[in-house]
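Lettered A, B, C, D, E and F in written order, each chain numbered from 1.
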C-alpha cells in the first residue's frame, strides 16, 4: 500500500519534486480505529523526527490525519494530512461533498475531523463501504465495485457534487470512479501532495508560535527517549 | 494593480504555466463595499464568459471573492477566490489566523466569507488598517508601515500564528511582512494560483451537478445579453 | 409574474401604502442559479439607484435575495429580501420550517441564505419540486399539485410546523396550500411587504455605518457608469 | 410602566388596531432574573388564557420573552416576544447589533435567547448598563444618560450598526437615543407590535402541530387549576 | 410515578445519602408540552423554596428540566436536571446518542435543551415513541415493547452507541432495555442523582454570580407572594 | 505530581473505592504540547492494556485528555478525562466558565477540546498563566499567587461564574482558590473521579459499537507489539 500511495503522489508533482513514500518502523498495517490512530501518530512523528528536516514538506497518508498537529509542532516544514487536503480540495471544486470510507467504525473519526476542519456545512454525509483497509489490496475483492456503489448512493441521496475517498489506500481507484460518476472524486494523497508542493513554492512554513512552536526542551523516557532534546 | 497581481502570481507557478492577468472592461478601480462586489462579480463573469474555456483555471483576485459560485457555474475549470485560498492556506500552516484588511467597511464582507467557508473556529479576528485600496498603489503612502503595525497587534492580541492579508493589492508586501513578523503572512493571489495549479495537475474539475451545473439555456436582455445561450 | 407579485403585495398593506412592482430593464426572466442571481443583483441595484429614494422601502422579490446587502448600502430606506422575510416570519408562527423551492439547483443558494440568516436551527429541510420558475406561470402546468405534494411530504417527514415557499412566483398559491395543509404557508412577498410597512411605521432606517454606510464616492466605468458618484 | 409600553405600542399601529396593555394579576413588578422570568411566564399564560382568543395577536412585553412557546401552544393567534421582535428587526436594518440591557444578571438570559433565535452571528455583544428596571421609571435617575453612554461604547467597540434595547421599559428612550447615535435603536415593544400587525394582515396563525399544537386535555391542580381543560 | 423515580434514585446513591422524592402541591400529573413545563417550573421552585436549603442537592425529575436555571438562582446547593445529566452521562460512555422520548410534541422541547447544553454534535436524533407519559404507569400498556422497538431503530439507523431515555417515568425500564440493546441506556434520574452526589462530595456549590446570584430582594404578588423576600 | 493527584482523588470517593495513581513506564514528565499529548496517549493506553480490566474505571489525569477515545475503545470500563469532567462539572454549577491553564502553548489544545465537547457556548475564555507544569511542584514558585491573579481577571472580565483549572497538577490549589474567589473552582481530577464513581454505581459501561467497539484483532509491530491481539 505504501508503494501504491507513493505512485499516486508522483502523478501530481512537477518533475523536480521527489516523493519518498515510507512506513514507520513500528506500528500497524492498517489504521481502523482510535488505537490505530494513536499508534500511527507516534509512527508519523518518529519518521519526521528521523528525517531531520531533510524534506521540504511532509504528508500524513492516512485519512485520520494521525499526529497532524504534533507534526506541525516538530518541524517548520509544511505538513498536510490527506483527510484535511481532500476536504479542502472538495470545497474548491464542489459546493457539498460526501466522504466514502472503509469501516463504519471509522465514521466517527472522520466526523471529528470534519468538525475540527470547519467542514460541517460542506460535508453532506460520511458513508462506510464496510470494506476493511487491507481488502483494498486484494485483487480478488470487489473493492472497486463496492465503493462505486456507495459513491452512487451518495450522488443520488446526499445533494453532493464531489466525493472524498476516506482512505489513502483508495488512491488508485480515483480516476475510474470519477469517470463513472461524472463528478470529482478526490483522493487525499494526491490533494495533499499537490497542495504541499504549492505551499513550498509559496515559501510558506508553519507558524512557530503558540501550540505550533517547536517543542520545549525536555526528556522523554523509555521507548520515547529518542524524542528528548539534544 | 493588475500588473502587480500578475507578477505575484508568476512567482509561484512552474515554468510551464502561463499567467494572464486582466481586469474586466467595465467596472470599478477598487472594491470596497457590497456594491463594488456586485459590479466586480459581473466583471469576473464576463471575463470568464469571453475566455471561452481557453484557460485551465481561473483566479478571482479580489478578497471578497466576487462571483465565485457563479463562475463555478459558468465553467468546469477550477475557479478559486483569493480570500478562500488564503484562508485555506492559513489552516495548513497555522492553528489560528487573523485577517488584516483595508477599510473597516469591508470587515463584514470578510466575516460572511469566514462563515461560508467554515473558518469560524480558525479565524481569530478581522482587523481593518483603514487604508483605502488605492493607497496601496501610492509609493508615498505609509501602507507597509500601517499594515505591519496592524499585523503586530494581531500577533500580540489575537492568539494567531498566521496572518491573512485582506486585499489582493497587498501581494507585494507579503515577503517583507513575513520577515518582520516571524509567522506566515499569506497573500491570497499566490495561494490561489498555487492551489489552482495543483488542482489542474490533479485533473480535478468543478462538479457540474446541482447549483454548479452549467447554467440553464435562457435569454438575458439588455447589457446582459452576451450571457444568453447560443 | 411581476404583476402577480404586485397583486400579492397589495393584499397585505394598509390602504395608504402604494405598491410599485417593476422589473429591471436589463436582466433575465427567471432566476434559477448563481449567474442569474448575479445578474439580478445588478438589476435590483439599478432600480434602487434610479428610484432616487422616492420610495419608503424596497422589496427584492426573488427568493435568493440578490443584491440585498448592496441595496442596503445604496439607500437608507429599509430593504427586505423575500427569502429573509419569509424565514423570519416562519420563526414567528412555527418552531421549525421547511422550504419548498423550484429546481434542485437552487437548493444550495437557499442553504447559504439559511446559514447567513442564522436559520440553521429553524430550517428543517430545503425541498425542490423540480418545477421551473416559468412553469408557475403556465396555467396548464400541474404547479399547484406538484408543490402541494412536496409540502405534504415536508409535513410528514420533516417535523416542521410551517412551510416557506422558495420562489416569489408562488405568491398566488399560498392561501390554497395553507388551507390544504393546516399549517402556515408563507410567501416571502407578502411577508417582506408586511414587515417593510412595519419598519417604516417604526421609523427605522438602515444603519449607515460600517459595511452599510453609503458607498464611497468613486467612478464606475462602461455599462456600470451610472453608479458613479455625482 | 405598563402604560408607557401601551403608549409606545400605539405609535406604530394603524388606526384600526386597538392596543390593550395589561399586567398579570399575580406576579412581580420587574423582571430581572430566572425566577422572575418563570413567574412572569405564568402571568403571560394566565392573561392569554383569560383573553379567550378575543385578541388578534399577543405581545409579551418583557425582554426575556417569558412563556413565549407555551403561549404559542395555548392560542393560535400570533404571539411575539419583544426580544425576538427586536433582534429580528435589527437584522433587517443592520448587519450586526449590540444589546444594551439593564442589570448584568440578565445578560445570560439574553444570551440564551440569542442562541435559540439563531442570532449568534448577528449579535456582537450584550452590554449591561447596571440600571435596575424600576430606575427607568424614576424621573430623577440618570437612566437616559447611562444608557446613552453604554450605547456609545457599543458603537465604538462592537462593530455594530444597530442597537437593541434590552428592556421593554426603555421604550420611551428610543427616539432620543437614535437621534444621538445616528444608527437605528430598536425597542422591542414597537417592533413586536409592528410585526404582529403585519402577521395578522398576512393572515398567518401559529402552526398548530408538534410542540405548538393546542395543549392536551388534562387537569391542573391547586393554583393552576384554571388551566385545566373544560 | 414519584415513588418509582424515588426508588430508581435510591439504587445509585451510597447508603449515607437520603433521597426525598416529592411532587409539588400544585401542578400537573404529566408534563407533555410547553405549558406543562411552565407550570412544572413553578412547582419545582416552590419545592426548593419551601425546603429552605435543608437538602444538599436538588434533582428536577422531568426530562424538560423545568425551572433549572431559576432553581440555581434560588439556592446555592447543586441542582441538576435529568435531561442535562442523562445527556452528559451519554457523552461519557458513548460517542453519539439518540434520545427516545414519549410524544412527538416533546421533541422540540428536547431539541432546545440539546442546543443549550451544547449537545448538537453528540445527539444523533430525537425519537418519539408516541406513548403518553401516564401510559408508562399502566401495566397493561405495551410501554416496554414500544420503547424497545424505537431504541432498536435508533441503534440501526442513527450511528449512536448510547440511548438517552426522554422521560423520568421510564426509569424502571433502563436495565431491561440495556440488556436487550447491548449499549448503555441512560435514565436521567439515576444519572442526575449520581452526579449530584459526586458534586456534593467535591464540595461544589452553584456559582452565585451574574444570572445565578441569589434573586434580588423584591415582592411577588398574589399566588406568587411566598417568593417575596423576607 | 502523581502522588498529589492520587491524594486529591481520594478526597472525593466513598471509602469503599480504591484509587490507584500511576504514571506510564515510558513517557514524559510534563505535558505541554501536541507531541507530549501524543506520547502521553500511548502511555495511557499502555497502562489500561496492562491493567487488564482489573479496575472499574479509568481517569486520564492530564488536561488534554490524551488517548481518551482510544482508551474507550480498548476497555468497556468507563474512562474519563479530567478536562472533560471539569468542563461538564462547570456547566452543572455555573452558566459560563473560564479555563485557567499553564503555558499559552496549551491554549489551542484546550480550545479543540472545548469544541469537541460542545462547550463553545459555556466556555467564556481560555487563559494562560504562563507557569510551566513543573513549576506547580516547586514550593518556591509563586504558582498559587500567579494562578489566583489570572482567576481574578477571569472573574472581572469574562462574565463567568465558574473556573476550570487547566492542569491536573493544580489539584491541590482548588480549595484555596475557591475560598478567595467566591465562585466554584473546579479541578478535573476530583470531578473525573467523582463522576466515574457515579457511572460505576449506575452500572454504565462504554457503548461497544461503532468507533468504541473493541479494537479489531490485528498485529502491531516493534515497540507497539504488546497491543497485538492474543
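Some observations on this one:
Quick note on the criterion: a residue touches a chain if its C-beta (ideal position, glycine included) is under 8 Å from a C-beta of that chain, and two chains touch if they have at least 3 such contacts.
Everything numeric here is computed off the predicted structure, so don't read it as measured data.
Contact with both chain C and chain D is made by B, E. Between chain C and chain F, the least number of touch steps comes to 2. When each chain is reduced to the average of its Cα atoms, B sits farthest from chain E. Because chain E and chain F carry the same sequence, their contact can be compared by residue number, and over half of the numbers here are used by both. Per-chain Cα centroids separate chain B from chain C by 29 Å. With centres defined as mean CA coordinates, chain E is found 51 Å away from chain B.
Between the Cα centres of chain D and chain F there is a gap of 42 Å. Residue positions of chain A touching 2 or more other chains, listed in rising order: 69, 72, 95-96, 104, 107-108, 115-116, 121, 159, 210-211. In terms of inter-chain touching, the protein chains here follow a pattern that is not a line, ring, star or complete graph. Pairs of chains meeting the touch criterion: A-B, A-C, A-E, A-F, B-C, B-D, B-F, C-D, C-E, D-E, D-F, E-F.
Residue ranges of chain C in contact with chain D, taken from their complex: 12-14, 69, 72, 78, 80, 84, 88-89, 91-96, 116-122, 155, 159-162, 175, 182-184, 186, 190-191, 194-195, 197-199, 201-212. Chain contact summary for the complex, chain F toward chain B: residues 104, 107-108, 111, 115. Contacts from chain B toward chain F in the complex involve residues 95-96, 121, 159. Of all the residues in chain B, the ones that touch chain C in their complex are 25-30, 32-39, 41-42, 45, 67, 69-70, 72-74, 104-109, 112, 115-116, 132, 210-211, 213, 215-216, 218-224, 227.
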